[in-house]
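Next come two complexes, and both contain chain A; in the first it sits with chain B, in the second with chain C.
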Partner chain A sequence: MLSYPTVRASFIFLAIALGGLMVADIAITTANPWQDLGRLFMGVVTPNFFSTEGLLTALLRTLAFAFVGVTLGSLCGFLLALVYRFLPVRMFCAFIRSIHELFWALIFLQFFGFHPLTGVLAIAIPYSGIFAKVYSEIFEEADPEPGRLLPPYTGAISAFLYAKIPDCWVQMRTYTAYRLECGLRSSAILGFVGLPTLGFYLESSFSQGLYSDAGAMLILFYILIATMPLWVRPKLLPLYIVAAPFFLGDGLPIVWGNVERFFTEDIVPAPIRNGESLGELSAWFGDVMVNEALPGIWNTVVLTQIALVATGILSLLAFPLISRHFGGPVRRTSGHVFLVIARSTPEYILAYILLQLWGPSMLPAVVALALHNGGIIGHLIGRQTNSIHLRPDAPTGFSRYSWELVPRVYRSFLAFLFYRWEIIMRETAILGILGIYTLGFYVDSAIQNIRFDRAMLLILITALLNIGIDALGRYIRRKLALQTMPTC
Partner chain B sequence: MTGFDFHGLTASFEGQRVIGPLSLHVNEGEHVALVGKSGAGKSTLISLLYDRLKQQAALIPQGLGLVNALPVFHNVFMGQLDQHPTWYNTLTLIRPFHDDRNAIRALLGELDIAEKQWIPAATLSGGQRQRVAIARALYRQAPVLLADEPISALDGPMAQRIMKLLTERFSTSIIALHDIDMALAYCDRIIGIQDGQVALDQPAKGLVASDIMSLY
Partner chain C sequence: MAMKHLRKWLAGSLLSLSAFSAAQAETFVFTAIPDEDETKLVERFQGVADYLSNELGVDVRYIPVKSYAAAVSAFRNNQVQLAWFGGLSGVQARRLVPGSEAIAQGVEDEAFVTYFIANSSTGIAPADTLESLGDDLRGKTFTFGSKGSTSGRLMPEFYLRDTFNEAPESLFSRVGFSDNHTRTLRLVEAGTYDLGALNFQVWEKELADGNVDTDSLQVIWKTPTYPDYQWTIRGDVNEKFGEGFKERVTKALLDLDDPALLESFPRSGFIPASNDDYEPIRKTGENIGILD
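And then the complex of A and B:
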């Protein structure tokens, strides 16, 4: 079995993760973790939808930020996709999408403050980069033949509208709808840095021990995402898009002096700002690297590798839950419900809840990342097994799982997993804001201490780390000849 | 007599020479049938000729090159995208103009698919799709036709009608055909391709089907 490159790669990653577990800080530090979990569970079972009107407002704001952000992102992404063949454009897109929405929000908060623009841009900017990449991939895959057959001297715009767009339309629409769902999750977690979306409401309910309020919020969020096919209709979309900007709320006015100061003073490294020598600058740089960047990178990488393997194991365990090759309709329905809940809860919210229950360590982060990403991959793989036709006398039970199904889906499983590697790392970095010592922790502390120069340097390092992992993931996928589709 | 000269036509696929080097002269007003067994290089030759002739030729490739998501009307209209400004084409995509509708309906009527005008190309049968590609080539109104098995999915009488239409509407045509009787009936020159080379080149008049069978 070890002669298969895919199996060898899996074992190498497993070994790295086990090594990571040795050095990682995995513990439950709270006195009564299970009692808290029980209280949260009771909260979900006895949701209180009517405690304040804040809940509805938060829901409306979450929708509004998602719609405006994703609309702007898809428009900019579309324009960027048209010029994506130019290397500087590709590099620019890779850079803006390697910085997480929450980091963008933290940056904009420093100079726009709690203005709606902060939330909108925090979603629109990274999404532009993602849309540009995926749209351009869709354009590339389109059938080139109709374009070749056009009369010469056909205008470029006419040619694009007739020979390219119609062929790509369905895929673009599917992907944009999927991104809108992601946008809702992004919008919800923006509340954790203080914007008026669901995350804000959740955090305040939790800190006051109002578990029934928190439960109501979670349930509403699941319903919102699960019913998307019902209310996101092509005919209604223009209405949503036009209306959304009016529901963003007012926030606080922008002080333009702050914007100027941020760029001309705050983010300039302190030694340069104070006109100190080059030696001071390198000492400053060395200090950031040794005391913040390197520990942050180390913890981020360790946590990412553990979470990646945990995600893989969980997906392999979870996909039979919705596969029609096992069990009856009752088990499959509950399997679907479990996977929908797992994948529609943002990692950040899962990690936040688990952290409240178990106390700060890497454990809540690993479990949150594995649940969310495992839910997504398990769902995709399970759906894939439903199109597999087994011979009538195929073995049943565990033999069916291990001999018939896993070997058939293993390659696409790995493809999805390596595709999500970079996403897991981006999330890992951001979970630092919750108090786990990944890069986000150091970014957040630098901002708390009003040392924006350090924060920007650390965000830059995080972005480079993500770009590196993305490239490595693509290299491994190519090496193992794994194919992926963009919708994942 | 004026015509079209092609020199040094060659094509390779994965290092393997599949066409040529060969040269060809086609007179204006001539209808040429390319025959030969499959894999002989007919499609490659048609594609090479299209690259040389682009300005003057309408092409019906074997894959048809339809935009599946667009209705038949727009697939045919694409043959004249160069005749109108961009705003006109864009508006047509949303709501076609009256004159264009009529012109294309008349053309589709000649091909017996007038009722399919607003149906997406994806939902048509093989024979209907082939006729849409033929309509697009006719609508293009180019002097030369390059076609690769344009009647392969059509039944007898329809195939006859289409061959007649194509040889009437285009002053010059080069058509790859596997149906030798059709080639002899509607073309006036037969070129046989074997292993990427011209193995036979004669007026259709003096030929009978058995003369050509030696190529297969």
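And then the complex of A and C:
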């Protein structure tokens, strides 16, 4: 079995994760973790929808930021996709998408402050990079045949509109709709840094132990996402897109001088700003690297590797829940509900909840990342097994699972997993804001100490690490000849 | 929740922003560091906004923020003109905004204290000196408040370093930041952390309100006193709101005598303050490397 490259790769990653577990900080430090979990559960079953008048407004804001951000992102991403073959464009896109929405929000907060533009750009910028990449992949995979059949001297624009777009349209639409769902999640968590979306109230309620209030917000959020197919209709979309900007709120006015100050003073390394010597600058750089960047990188990598493997294991365990090859409709429906909840809850919110319940360590982060990403991959793999036709006399139960289904879906499972590697790392870094010692912890500390030069350097390092993992993930997928699907 | 603020968000739009900013120029906006449970803060500062609005005859709006740094940034960026800062955040803000001034502090803020608290399971008994607790503290878990807090981080970290000559990370087996004083109390009470350090006013108020399970935790050490919270105002408010505006704000704050409002801080009243009052905080901040 070890002669299969996919199996070997799986065991190597498993070994790395086990090694990571040895050095990682995994613990439950609260005295009564289950009691709190019980209280949270009671909160969800006894939701209080009327705790704050602001709840509906927050939902509206969450929707508005998501729509405006995703619309802008998809437009810019589409334009970038047209010129994606140029290396500088690809590098630019890789860079902007390697920085998480929350980091973008933290950056814009420093000079736009609490203005809607902060939230809109925090979503639109990284999403442009993602859209550019995925749209260009869709264009590449399009059938070249219609283009060849066009009469000679057809203009490039006509050729693109008539021969390329029709073939790509369905895939682009599906992917954009999926991104809108992601946009809702991104928009919700922006509240954690002070924007007026759902996360703002969720954080307040949770931190004060108002579980019924928090439960109500979570339930509304799940309903919003689960009913998306009902209210996101092609005919209604233009209406939403036109209306969304009017529901962003007005926030506080922008003072443009702050923008200039941020770029010309705040983020310039302190020794340069103060006109100190080159020696001072290298001492400053060394200090950031040794005391902040390196421990941050180490913890980020360790946590990412553990979370990646945990995600894989959970996906493999979860996909039978919705597969038609096992059990009846009751179990499948409850499986769907579980997976929808797991994948609809943003990792950040899951990690936040688990940190409150279990206390600070890497454990809540691992579980949160595995639940969310495992929910996504489990759903995709489970759906894939539904198109597999087994012989009528195929084995049942565990034999069916281990000998019939897993081998058939294992390659696409790995493809999804390596595709999400970079996404997991981006999230891991950001979870540092919650107090786990990954890169985000040091970024947050630098911002709390009003040292934006340090914060920017650390964000750059996070971005580079992410680009590196993205490249490595692509290399491994190519090596293992794994088909990559853009819609994940 | 800050309904006034939310309704304004609802009413606005991206497109009509320029019109809105013009209308808003008249609004006097202030914020406060989020050092306690948000519900309490919103209640307290909505009261202050209404009071100031009455006294000053202008629209006054309170903006809740999610972190100490966000309060400092909003002040620096002139999106708020007045703020209720802690000692450290006030020093940070006034360094970044030349001309800004500390105008009033609570009576209790002249001599503020940090309490070190311990969960009962640690078996640590209260002591008069931090040094004598040395062996008991080593290897325990410890939580500060917010990273930018004076009473929850700066002063406790200073005394720990000063007494034991080592970083908190090497003295304790786990060091965390709870984000605010109420949460520090809850975390130590629940045993998530063995030890914590918090604002003595929050402790005393929660104790008086019967919100502390005294069987689960107790105060084990009190720091010497230091200056803390203060109202800081931007130097350019007179240009925006007219001559003498700064003096009127100062007077309004010093005259605040509504017992319910004062009780919500909790302070017995406000007294004049100056930037120089916070020199000790600046020196301490530089000493432990939080300030450059």
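In the analysis below, the second predicted complex is superposed on the first by the 488 of 488 C-alpha atoms of A that agree within 3 Å, B and C clash if a C-alpha of one lies under 4 Å from a C-alpha of the other, contacts with A are read in each partner's own complex, and residues count from 1 in each chain.
In this section, a residue touches a chain if its C-beta (ideal position, glycine included) is under 8 Å from a C-beta of that chain, and two chains touch if they have at least 3 such contacts.
Model, not experiment: these values are computed from the prediction.
Judged by the touch definition given at the top, the superposed model places A:Leu109 against chain C, while chain B stays out of reach. By the touch criterion defined above, A:Gln448 reaches chain C but does not reach chain B.
Residue contacts after overlaying the shared chain place A:Tyr153 against chain B, while chain C stays out of touching range.
Once the two complexes are laid over each other on the shared chain, residue contacts for A:Leu278 go to neither chain B nor chain C. Residue contacts after overlaying the shared chain place A:Leu87 against neither chain B nor chain C.
Taking chain B and chain C in turn and counting the residues of chain A each one touches, the greater count comes from C.
For chain A in complex with chain C, the touching residues are 29-32, 52-54, 57, 60-61, 68, 109-111, 113-114, 116-117, 120, 192-194, 196, 200-201, 203-204, 207-209, 245-255, 258, 270, 359-360, 435, 444-445, 447-451. Listing the residues of chain A that touch chain B in their complex gives 143, 145-146, 148-155, 157-159, 161-163, 166-167, 169-170.
Contacts from chain B toward chain A in the complex involve residues 54-55, 59, 61, 63-70, 74, 78-86, 89-90, 93, 136, 140, 142. Listed in rising order, the residues of chain C touching chain A in the complex are 1-3, 6, 8-17, 20-21, 24-25, 29, 37-39, 63, 65-70, 72-74, 76-80, 92, 96, 121, 141, 146-148, 174, 176-177, 179-180, 182-183, 186-187, 190-193, 290-292.
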